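Below you'll find the structure, written out as structure tokens, and then a few comments.
Chain nomenclature is as follows: A, B, C and D, assigned in order of appearance, with residue numbering initiated at 1 for each chain independently.
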Amino acid sequence: MPITTAFKTEIPRISILDEHGNFDEKLGKGLIPDADLIKLYEAMFTCRRLDDVAFRLQRSGRMGTYPQNMGQEATSLGAAYALDKKDWLVTCYRENCGLFWRGVPMEAILLHWMGDERGNAMPREHYATPIAVPIGTQMLHATGLAWAAKYRGEKQIACTFFGDGATSEGDFHEAANFAANLDIPVVFVCQNNFWAISVPGRIQCSAPTVAQRGIAYGMPCMQVDGNDIFATVYAMREAIERARTEGKPTFIEMVTYRLADHTTADDASRYRDKAEVDMWRARDPMIRVRKHMEKLKLWDDKKEAALLERAEKLIGEAVARAENIAAPHSADFFNSMYLELPPDLALQRDTMQTHSLGQDPSQLANTDHLNRVTEQAH
Amino acid sequence: MANLNMVQAINLALIQEMEKDPRVLLLGEDVGANGGVFRVTEGLQKRFGEKRVVDTPLAESGIIGTAIGLAMGGLRPVPEIQFDGFLGPAYDQICSHAARMRTRTRGAFPVPLTIRIPVGGGIHAPELHSDSPEAIYAHTPGLKVVMPSSPYDAKGLLIASIRDPDPVMFFEPKRIYRAFREEVPEDEYVLPIGKARTVCEGNELTIVSWGASVVQCMQAIEKSGKDIELIDLRTIYPFDIDAIEESVKKTGRCVVVHEAPLTCGFGAEISARIMERCFLHLEAPVQRVSGFDTIMPYYKLELDYMPDASRIGRAIDDIMAY
Amino acid sequence: MPITTAFKTEIPRISILDEHGNFDEKLGKGLIPDADLIKLYEAMFTCRRLDDVAFRLQRSGRMGTYPQNMGQEATSLGAAYALDKKDWLVTCYRENCGLFWRGVPMEAILLHWMGDERGNAMPREHYATPIAVPIGTQMLHATGLAWAAKYRGEKQIACTFFGDGATSEGDFHEAANFAANLDIPVVFVCQNNFWAISVPGRIQCSAPTVAQRGIAYGMPCMQVDGNDIFATVYAMREAIERARTEGKPTFIEMVTYRLADHTTADDASRYRDKAEVDMWRARDPMIRVRKHMEKLKLWDDKKEAALLERAEKLIGEAVARAENIAAPHSADFFNSMYLELPPDLALQRDTMQTHSLGQDPSQLANTDHLNRVTEQAH
Amino acid sequence: MANLNMVQAINLALIQEMEKDPRVLLLGEDVGANGGVFRVTEGLQKRFGEKRVVDTPLAESGIIGTAIGLAMGGLRPVPEIQFDGFLGPAYDQICSHAARMRTRTRGAFPVPLTIRIPVGGGIHAPELHSDSPEAIYAHTPGLKVVMPSSPYDAKGLLIASIRDPDPVMFFEPKRIYRAFREEVPEDEYVLPIGKARTVCEGNELTIVSWGASVVQCMQAIEKSGKDIELIDLRTIYPFDIDAIEESVKKTGRCVVVHEAPLTCGFGAEISARIMERCFLHLEAPVQRVSGFDTIMPYYKLELDYMPDASRIGRAIDDIMAY
């Protein structure tokens, strides 16, 4: 037998509640209790509002560039729902909904995009890392965080999110490879939204599925309808169980779509067809849940109207908190550099200058400089 | 002659080099249909086709590493790295390979490569979109490092870089991409790599700067009312120490201005060289006005970080009073 | 059908002449003409001698650290044999045999390990790049070289070699991903020799095969007995055909073994079992070819003795050329920095100093410095 | 007290910190059974188990990236990068993440990480095994950069680095790994990061150096017969400018010596600072004796590249004659 089979595999695709409202009872029954389903819908709805509001804040000059999450709510939400609250959630920037479920205050996200590091000062009790702007780098941190838990003998795992574009980065490969070979319990979730800014998915991965990226590491892989909250929860549960009991990673491709521009600085009409967007609008993860809940008599227009009110209030308050925070001080970006500031850096902070004349302590008797600086800064 | 901003001038330079030399191709993230996130490559894919303007996977090391191969294979690739902060993943291919291939092979495999990167702060961008890493690459033997401060310079220096037989880091100060227009000749022209430009002449003080900071220096000079000579370095490596020497020997005083952090920034090298070459002519220690030795803060505070006319002005006052 | 199959694949394993002398006629017949087989054996034999000689040169202080190739000859040789002479061969440092077949003078390899860049000044007619010391970086250059050929409309392809350890590097991933998605004709060959210095293969790739790394990119993958020259040629032919006609990459895992220490600076007995090494000694790629040729009456002891003589002479001459090359001059490492040397660098070269006093042209009238330098250097 | 070489001193420091603090773990290529290619971690896996001394995949970015996660998760990882030249692939994780995480999160996620790297030339190693990249990391805000020049210093500085709450680049000059032994206390001790050491006192000239070059400086001083003060920086960032200032104000002359290339090397920063702080005390321009602005050549020529006693001696003569 000179040509034998060295390796053989298959990847399953999970879909439970599809865009036409078909619900697979076998997999779906009991997966999400009704009360929870309502809460999940409410979370998606609230985050969609946040997205709108953030967009308008940017357009009116009250916030910098912002990446809309619209259409991708079910991915990170399914993960956050399935994870334990103490599992690390290591995200990119389209996972507002997962972070919201986790309890991260929404002003943290607003502050980040308002150009304020205080939005990243995540309280440790959320077990969430800040929004990651550089693509593909956070998966290694997730792997290290899960490794630290394993090292301590804790049952905590990590779940990390990234885009299809991110799977092209070498760091993605290294993170998956470390987790697989050193037995680190990480769930790798790729949000395949078919675009990386203007670059179409086939330039990131021309294989039939993104899910098969995980085969390279011998990881169990799944492809999931990422706009189906039931499917994302189902897949996550399987992966979490494996991570928790066997200490091993899983790779999940959640197929979804970015309904908005890449960010507020982008104009997607330059590079993608309206027809494609329209097709995906019909696959919106919220529509099908709402219909499903209506079918089950869990939801109606009145509830929706009440929810809208609650969401507006909640988002409004978050915006107010983000906008009313005290202005940062230039000393802030010095003081957080090291636990103990080197003297030279303290001098730069205190004088707000790098040129040496008048900066030297011996020449500091005249504090005119300092006063001038403080005035200018505020 | 056309009245162009820097984005347009670079776009024009790319068009002209691509028309002239079929070996020139562009590659990078979003450089194709989207024309780059700053629209620097706008219209080029339509004009030259997908073969010559290539959207690549999202992988900076891959972009530079394959560009090295393209160059070794006889082409003249012009890769774009989308933002300064994303040079990091490409650092190894740039510094351990592009910069070393000629020496490693004793000339058998030169790497004529021009890496275009928007750099610097001041546009309210997110994290890692506002850095000024020129000193890192100036400290790396085997590279040339260029940074224009005007549309005219950008065109002439970019053409020179593309034609250069060695790898060039072409830093584009994004803050002044569209800040002003100036007359840019329609014909191709070349500005020599390694030659500084005297922006204005003066006898009391020399200011040396590059990139977007040149604009801040001009503001500071105007406000100061002093007789100041401003040298725009144009290329960070090789740098025009002769021009600096000549000026400082005349003025006896020098301030260097850059956005990058102070410690081991390129201002340190210039300061050290001035001492070495003009020691007996100096009337005051060379002063550096630069970014602080901190991470460039998120945008709420970015203007506190970057040298501005008032900070430069203080240094001018202090050094003149010395 | 809520759980469907998203993806399905198999990887073949190719073996034609196994370690017991079994020869698969179906695949092997006519694959390598007898006359060529003899030449291939002679190449392996000669390179094995080179390996021994290089080892001894290092031990006697006439060469720096050297990585032995012993046991891995059939991998790169099969590739070089199957490739066109104008296809790029982009290797790591255990491919002496492939480079030898290509016609690269062996003193180039010796010079490299003697700490002399002139060993890397590969004449372009060999379409070979120099020995690559940094792990995992050269595959991107191979991809670029093949891309350049494609850009020009040439039929030239590239074949790149790397170890199992190298597949852990992000650059490997990026190279394979670029080639797959941009349709660049590269043959990626991993020499899986089960070790990366002291680190065992399972820490680099815990998947059942290294071959499946290629599935991540949708590439056709093969696993091959890398100690079987017939199998390596067979697999390469298939991959080359695909590259040449479809312009697409292939991933080949060649399973082999490093019979020696990692390099002359290494002591493999610290981390691996003698039993494992002994088992692989019996699988030596040369033994089976010799036996096969003997069976076919193509080879005998007399021919082997004559070959030994020829090989000794050839290697001896290469060593002599490498050792008798004129000593390099410090000006060399300046002169190759740029096509045109910046004045400041020329000054450093001419004065061999970096401190400024006496270095300035105006102070160069007194050339004592220069004389002193030249004396010291030689 | 034991008479140890630098490898042994580092090994001892690692043992003591691992015994004292269960949060300390080692990771890297070949650090386990093999004890590292320089045997610095010899015996540690046997002693502390595979959980605390971990052989990783061959991926430098992966090593540092996961180590960042380990540190964010409350541990004290001590990753090893096998050689200076292989820092390249880890550059992004070091400079864009390890260095920035504390600032990025306003203190919520500090990264107490000590990266050990053998650096520098002189051991006849292959390409990319002989570089001196300290200036790159000194220019990167958020890191500390340490380089010992003796077994005693290595132990005390490594312990300080591991206990430091911020990321430290711990450069080990491989040329002097086994070059000499000295008395090293068996008990743990800490040398403060940021403080230089006066190797010998003198009144005519100050030499500032660090790492393996300190040894070359000592040879040059001996040969010169002059009254020279030698300052070993010990830490490149933060650096002990006060010690340098005090010395140069006394001697009026200074030579800085390092192996890294001249342009924008850390010598430039020291030279610039000395001018800024000691301008009126200087009797000659600060001189830099360093590697050239070329790629470190393969080993046949490496000794031509590195500053040696004779090259330092020439600078001493020249500056004394000024």
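Just so it is clear, a contact is a pair of C-beta atoms (placed from the backbone, for glycine too) under 8 Å apart; a residue touches a chain by one contact, two chains touch by 3 or more.
Bear in mind that the values here come from a model prediction, so they are computed numbers and not experimental data.
Listed here as common contacts of subunit C and subunit D: A, B. When every chain is reduced to the mean of its CA atoms, the largest separation from subunit B belongs to C. Here the CA centre of subunit B is 30 Å from the CA centre of subunit D. Note: centroid distance subunit B to subunit C, computed from Cα atoms, is 38 Å.
For the pair subunit A and subunit B, the distance between C-alpha centroids works out to 34 Å.
Centroids built from CA atoms put subunit C at 42 Å from subunit A. The multi-chain contact residues of subunit D, meaning those touching 2 or more other chains, are 56-57, 59, 61-62, 85, 88-89, 92, 96, 103-104, 127-128, 141-142, 237, 263, 276, 284-285, 287-288, 292-295, 297. Looking at subunit A, one finds that residues 117, 134, 168-171, 174, 177, 181-182, 203-204, 332-333, 337, 344-345, 356-357 touch two or more other chains.
Taken pairwise by the contact criterion, the protein chains are fully connected, each one touching every other. Those residues of subunit C that touch subunit D in the complex are listed here as 64-65, 112-117, 133-136, 165-166, 168-171, 196-199, 203-204, 265-266, 270-271, 327-328, 330, 332-334, 337, 344-345, 348-349, 352-358, 369, 372, 376-377. Listed in rising order, the residues of subunit A touching subunit D in the complex are 117-118, 120-124, 129-130, 134, 137, 140-149, 151-152, 170-171, 174-175, 177-178, 181-182, 332-333, 336-340, 342-345, 356-357, 360.
Listed in rising order, the residues of subunit B touching subunit A in the complex are 29-30, 32-35, 37, 55-62, 85-86, 88-89, 124-129, 255, 262-263, 284-285, 287-295, 297-302, 304-305, 307, 310-311, 314-315, 318-319, 321-322. Chain contact summary for the complex, subunit C toward subunit A: residues 2-16, 24, 26-28, 168-174, 177, 180-182, 202-209, 211-218, 223. Listed in rising order, the residues of subunit B touching subunit D in the complex are 61, 85, 88-89, 91-92, 95-96, 99-100, 103-104, 127-128, 135-136, 138-139, 141-142, 237, 260-261, 263-269, 271-272, 275-276, 279, 282, 284-288, 292-295, 297.
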